[in-house]
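There are two complexes below, and they share chain A, which is joined by chain B in the first and by chain C in the second.
Moving on to the complex of A and B:
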């Protein structure tokens, strides 16, 4: 009976497919591309995470990679790995709010329709157009060594030189500072959000005599919560996968910039022994962390105001 | 729930499919070496016709060497068509490993080269992957026209894995002290002599600094040496062929032959401390520099520690980098109680499932011949690996000359100590052979970390000692973990 039911389902599917073959044909490039370049690698990385695959062969299967990730004995792998996770989390916790605050402040400052405002906005947006790697190289030249350009400028005005990227103590703060270089991108999104706040709300507030900060916290920010939420999700995912610093700073002084994505890369491709299995396991743990955080964000998103539409 | 079960089933199906498709890896282990050996015609002569694919890195010196070798090879074997493929050094070993994986899983070995360049540093880890290297010692047993005894002992030792030959050593490399005679002349300091003592070396550096400070002479860029030369010595201080000999020179050990970790010692600290003192006096630059050699080539350092392989890079002149135009060379100073000179070999290996095995073997034999070695050395960047040419005053590597060579360019520096009773030649194989291959890279990183800490914020003597203790503990842990896995 069940077999017959399945047959009829399959038949219906095939009949549908035959009838709508042109639709399938148009979707085929995507389906093939998705299967080959997305689905298959995802499945295989999950499989490899339970093996010691080294690009050539698999000798052992099991949970040993996951055990190693959570091995916190004296020299256990877990210590270094979770230090990388911690470092990445710290980077996210500091850089995301800072970036959002600065880009919002900038957008607020540049929202007024004064003469030449478009040109000024463009100037703030221009740095976003410079590729991250190129920008990184420029920053490294300016801040990467004691004789860098910034130190030369500091010296010229009689200030002492700073260590910036050349010291373990200052490299992280320096990275956070230069990561704000792209606030122009966030500014554009904020400007769009601010434009969408109905003017009537401000007019009504003004008639009620509400102050600037009153309007900011009671109208502007609540009306912008969908954008804040969107930015937050995107930024968290982006920050937890920070990687491009590896190209110009490596893993930093005393591995002080050894973020988790960099560790995944070096585990797979660095050194003489390529531990694809462990790298895949690390990637899945990172995925789990991001998924959990994203899930929590959505579960606690009741503060997001979507207007009259259903959340 | 139904969807979840469907998804899980889909994953299970995919897993089954993958394993069935051979992702579990079942290729090379079953290779019957005897069967593969039968594919090699050891009687092939210079009339043999065929094809050969060779892979090297795309570095200028490697390409130049290979062009020279292919030209000479084709003079002897005109009917073998050679294709030379190159890859960037950064992705070289990754590519080799990944392509082997693909070749094994697809059964299509035409993806792979027949012969590929290999550095001794990577021999053990490539060997450990089982499916890449052809056991050349097995052909050696079969072919009366070849003997590994032609090679210098030092070059041969580093070309072996598990005590068997897997790589034909192309060169005999040991670290020397290059110096810019013009800078020494400007400082009015005598040129360095072979095997200077540590104190003589430091006195020479102090004299150089004082001499340059008092000199107004300028380099080829028009910049006075006293401002251009910020660090007197240019070296990659984290180079494995530098780190280990320095430690050994001070009497330190990494691992004893019975596998015990012995790094945590006063001798190790003395070596690190010595380098710290050089760094503190600005005699040497940052320990973790990534562009070693550039200062020397730009006439901004007086001394450069490296091997012969970099010779033409040092002397070549471009608009941006003028190169050293009065180059001297001598043997390394003796920094510690023992005299240890970092050295090794690079060479060529045969792919296990090479499609053109006979041609590959003919090429490897040619590299080991005097004609092949002279062809290689004609580029200027090589010291031969075979004994007969190392001591031959008329060998090409000794007769090679350049207008950039100064009065104190001494070819003997490249083979200094070969005839000593206790040979100073030191390679990382001294201790890596006692360490499981899977953790060798980690151990090398630990040794580098002992020195890299000099540049860090925690570089007081106590902190450096604690760092050494920590690295020794880590090495011990890694070795034990690897042994337990086995």
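Moving on to the complex of A and C:
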């Protein structure tokens, strides 16, 4: 009797384990990939960040890379490095809200179905489909100074030439401006979100005589908050890793577009000296910044409205 | 509603449409200007490019000759194509595999895996860059095309898996319960029931990955050293970029730019139903 009971327990356990092991079988590719291509490199990267690894040998261990990053004396690289961090942060702080606002406005305008709306939406999306480095070549050609097409046209209508990418003062604003040609990407996400807002909500509110802005702030935006949140996290992580500008602008005039991911790349692979240790330390500081920001985002995410669905 | 009111509403609608068309047309002129610039320039010959210092917007001597550059790029195109196809098919497939048990079953460690997957999406690629590079050198993957698609065999990024999990969670549970009663095991449920229902998110992620890989600059820049092994994006950078040897042949550059743009455009247009509004976070309409 006792034996039988035990047996059935064991059987249940085995059945359970068998049921569960198939779950892990599905996740096996991810687990292997994660261990080899993420977990191992991340540990090694952390270790390297405390060394002077230069692709050939490691001589010293210590905190010197981190000390160098925060060394703001005349010979230290702290100022240069934090200029890169600052530029990257500035890029994120300006381009993300601007992009979100513009793409939302565009989506609102393109929301209502009028004849040909699908085609119009596609046309707005078209610039997004130009590969970043190709788009960069088009812009640098078009905005050349002093004899690019745009400057020639400015001259023709009597306006002074703009330096665009060839001056430290204007290059940043120019980059922000040209990145707005990508609002079609955000627009698509917004359109999907807007389509998900139940029509009944608007109908009910319209009975109560709601205004346009009332609808916008009391229905549309709250219902879109999950997508805003998802997008915001994605955009922050993406913007803090901006790199492709390196292909057509290099590090900018007077290193004014020397974003942190570009600096990490050039520190590790760019020059004749491969400073793997410093590159890893820089990457870890960037990681810390991203982790803190994402943590804050999640902690303060009470504004995200998930409706009455679970989780 | 009176006929008069109806006709005034219809007139209002017409006015609204016309105003919108005008505004959209003006905006599109601005938005598509770089496109037009690229296209126009790709049809110019060297005389138009020089044109005694005055830059032309429209070509005077229309020519297709610049597009012959693509013949030189067929090798790079094949490289890009291989990378794009393998990633575009395998990343969504392996991501679906990981997402399936997490979305449909509860088991020991499921929350841990879910958190782990979400956490990976926060890791900046630069943190992994140096050790990954050294690992690839050790595995003899450096300077091989495989370096650009090996990762696709092991699941996608955290955000992609998360998206699929949300999508799968919304599929009614009754479907696999019925299948289990009929004697189907998990793999049959995954393959016969979940995968067909996940086609939209599969395409959404596959096309997104394919386009991202086609455009990818950083990965091939680090891993592909030999010119013949390069993908189109980096080959374009090395030949036509600021320090490239043919960077001043802007008409040829723009012809190549058009070629680079065609692939993502075609892929997007074919799958536009899925790409625009086809995927809604965590919502499958029955």
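To be clear about the criterion, the second predicted complex is superposed on the first by the 274 of 311 C-alpha atoms of A that agree within 3 Å, B and C clash if a C-alpha of one lies under 4 Å from a C-alpha of the other, contacts with A are read in each partner's own complex, and residues count from 1 in each chain.
As a working rule, a contact is a pair of C-beta atoms (placed from the backbone, for glycine too) under 8 Å apart; a residue touches a chain by one contact, two chains touch by 3 or more.
Because the structure is a prediction, the values reported are computed rather than measured.
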item	value
Superposed partners chain B and chain C on chain A - clash or fit	fit
Which of chain B and chain C A:273 touches, first, second, both or neither	first
First (chain B), second (chain C), both or neither touched by A:74	first
Chain B versus chain C as contact partner of A:44, first or second or both or neither	both
Contacts of A:111 with chain B and chain C, given as first, second, both or neither	neither
First (chain B), second (chain C), both or neither touched by A:83	neither
Which of chain B and chain C A:254 touches, first, second, both or neither	first
First (chain B), second (chain C), both or neither touched by A:57	first
Touched partner set for A:168, first chain B, second chain C, both or neither	first
If touched residues of chain A are counted for chain B and for chain C, the larger one	C
Smallest distance from any CA atom of chain C to any CA atom of chain B, in Å, after fitting	5
Chain B/chain C common contact set on chain A	44, 269
Complex contacts: residues of chain A adjacent to chain C	19-20, 22-24, 26-27, 29-30, 32-34, 36-38, 40-42, 44-45, 48, 109-110, 114-115, 118, 120-127, 129-135, 137-139, 141-142, 147-149, 152, 181, 184, 188, 191-193, 195-196, 226-227, 230, 234, 237, 240-241, 243-244, 246-248, 250, 260-261, 264-265, 268-269, 276, 279-280, 282-284, 286-287, 290-291, 294, 309
Chain A contact footprint on chain C (complex, rising order)	16-17, 20-21, 23-24, 27-28, 31-32, 34-35, 37-38, 41, 53-55, 57, 94, 97-98, 100-102, 105, 107-108, 110, 113, 116-117, 120-135, 151, 153-155, 159, 161, 185-187, 190, 211, 214-215, 217-218, 221-222, 233, 236-237, 240-242, 250, 253-254, 257, 260-261, 264-265, 268-269, 272, 275-277, 279-283
Touch list for chain A against partner chain B, complex	43-44, 46-47, 53-59, 74-75, 145, 167-169, 253-254, 269, 271-274
Residues of chain B that touch chain A when the two form their complex	11, 14-15, 18, 23-29, 93-94, 97-98, 100-101, 104, 121-122, 125, 128-132, 286, 437-438, 440-442, 445, 452-453, 455-458, 473-474, 476-478
